[in-house]
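Two complexes are shown next, each including chain A; its partner changes from chain B in the first to chain C in the second.
And now, the complex of A and B:
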């Protein structure tokens, strides 16, 4: 299967998940998958800055908010698939693992990778988000109105 | 007169070695880890990221440790590091409407859809020192409830629906970038917002406070304040589509301000906007007030001569790295400059003495 056979939407989904995942968690998931295939670098991991933009009033014209650190890389597996990564932070090993998974998700091992890496990362992210939302929910104000005593 | 300009290397080296020792403090006390600073001094980390204009909590924690807790020095370190980073590109504007809010309050609508969510706030604490924190107290777990399903629409959108608030015109023009081109005045609103969001919290707070005290009063209400995580997306040319590259915590404040109307606009509410890296609500509210004050011209308001209306005054003095650089350089050796001043004063005194003697004769 080639890159074009993979839906861009699905690929966007896993690339974002890999970018947001804590580096140590991704490393642990990949460890469980076992030996990784050999690859050649198309772009060695490089740390840089991305200028993040916002919108005036949240919905208006754009402005520059400030930069975030990002590490990117690209590699080609021995079997030919090309993997890319753009991940938040300065962790080159994180970018390498994300690019490896991106490449492997385009080949025969996609099912294995989905089960061993993407699914656990997805579940962990959902749980982290749920835990914060659950705490936020308890801080929601319940207003009550005092009825005036007019007999 | 020739003044020696060499020397001091040995003294400087010794000063830096002593600095390192002082930074460490009493070695009988455990050393701070970066993870401890990141997790337990998170609002300091947030401020350093916001004013350093670089979102990276680990780097901000390192800067705070290196700077011995001097946040402006830490911001300086981050700014210096930032200039070494190659610019990979820019993101799409973040969608703060889709923020996963830890906190979301409105001072204008009690029954806003999505509700008033207080989040982890200092508000309503009694500001009494908590001596339990001085001891190693066990921490009770925060209560958990059922996560809210309801969306949290923008408060200003309700007013907008009735045309009661000035519209924000969406656009996709490339905003100016003060990190790439020198500041020019008059600045447009995009440039002002960039300068304000990285501006010194104390300065922006002071400017905002001055408008509340009457120097360019603009009658603000906090229409909405939200703090939470947003995803950042950017277009990756080699892929040909957009991907999410990470997630940031931001604080957003929209103020709703009175506006009596002008020759071209009917009476309506107007907006001030604050958006800042991290959980930084004092800064975000301040930014929104100052943004609104600086909009007097485009809204056809009078120039009251208030400091907060003076764009160049505000923007040129909001940057604590520029300010402290210029301020602190005067402590560095100025021996030659001063020597010439000294000579000048001596000559003037001698001349004045001659004149006085001549007058007396």
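And now, the complex of A and C:
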């Protein structure tokens, strides 16, 4: 199965999810899946910097926001699927696990991994967002104007 | 995507690139000496030696020219994945890769300017074989004389006449490399 069969949008989704997930949680999820297949490195994990660019309001002229440290790697499973990963920070093990899951998601074990790794990570991410939104909501002030009875 | 496009990079880039750079430096400093390198494999027809040189010397700031014969989808993809060097025509390239005859005409390349003689091309010429016999080399870096099997002699003599301008040349055959900087005087035996 090649990348185009899986669908670029779906792959984008799980690669982003894997990159954002806390390294320890991803490791725990992957531990639960069991033995991982063997693989060859196409690009050993390496740390580098990328320039993050932004646009004011999403439509303005692009400007350089700042540099960000990323770790990337690429690997090929024994069965032939190729997995890539770019993750924030310097955690090479995190990049390796993310690339491994990316490769496995293109193969026969996709369903198993979706249930054991992606679903818990997605739930945890949603929970974190909800908790933060809830914390922010308690500080929200609703302004309203009382109509004076002068008129 | 072909299988050999993603593989064939250095397994341990910092160590292997440093070692290969030292070899390239040594070859260029002592023209005529033949060195052996290993650790990289670009898709055919690029040799091991040329792959090592590309990985070591090129990056995204060095425009690379692939001569006919070496210019193909597989080699382009390999360069994009492992090196990221922009591909350019012979007039803008800082490195050029190809068979000796495919690299011609040699006057299409940059030879530097009198103010900046370093802004010139480095050719990586693929040869079928390389041995310490043939043309006689003298000049800086050579104790008395060295001998090297060159594809031709006139081009190197013409290049020497341009000094301090001119191009420098790596010769690659299989996993063996030698180099000929613009300072070397080449004579037929």
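Convention: the second predicted complex is superposed on the first by the 141 of 151 C-alpha atoms of A that agree within 3 Å, B and C clash if a C-alpha of one lies under 4 Å from a C-alpha of the other, contacts with A are read in each partner's own complex, and residues count from 1 in each chain.
Here, a residue touches a chain if its C-beta (ideal position, glycine included) is under 8 Å from a C-beta of that chain, and two chains touch if they have at least 3 such contacts.
None of the values given here were measured: they were computed from a predicted structure.
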Chain A as common anchor, with chain B and chain C clashing or fitting: fit
Superposition-derived angle with apex at the Cα centre of chain A and sides reaching chain B and chain C, degrees in steps of 10: 80
Contacts of A:74 with chain B and chain C, given as first, second, both or neither: both
Which superposed partner A:129 touches (first chain B, second chain C, both, neither): first
Touched partner set for A:57, first chain B, second chain C, both or neither: first
First, second, both or neither for A:40, with chain B first and chain C second: second
Partner chain in contact with A:7 - chain B first, chain C second, else both or neither: neither
Partner chain(s) touched by A:137 [first = chain B, second = chain C, both, neither]: first
First, second, both or neither for A:66, with chain B first and chain C second: first
First, second, both or neither for A:16, with chain B first and chain C second: first
Chain touching more of chain A, residue-wise (chain B, chain C): B
First, second, both or neither for A:90, with chain B first and chain C second: first
Least Cα gap, in Å, left between chain B and chain C after the two complexes are fitted on chain A: 6
Shared chain A surface residues [contacts with chain B and with chain C]: 46, 74
Chain A residues within the chain B interface of the complex: 8, 11-12, 15-16, 19-20, 46-70, 72, 74, 84, 86-90, 129-141, 143
Contact set on chain C toward chain A in their complex: 6-7, 9, 11-13, 81-82
Complex contact set, residues of chain A against chain C: 40-44, 46, 74, 76, 82
Chain B residues within the chain A interface of the complex: 49-50, 53-56, 58-59, 82, 85-94, 96-97, 100-103, 110-111, 115-121, 142-148, 154, 156, 168-179, 189-191, 193-194, 197-198, 231-234, 236, 238-239, 241-248, 250, 252, 254, 271, 273, 275, 277
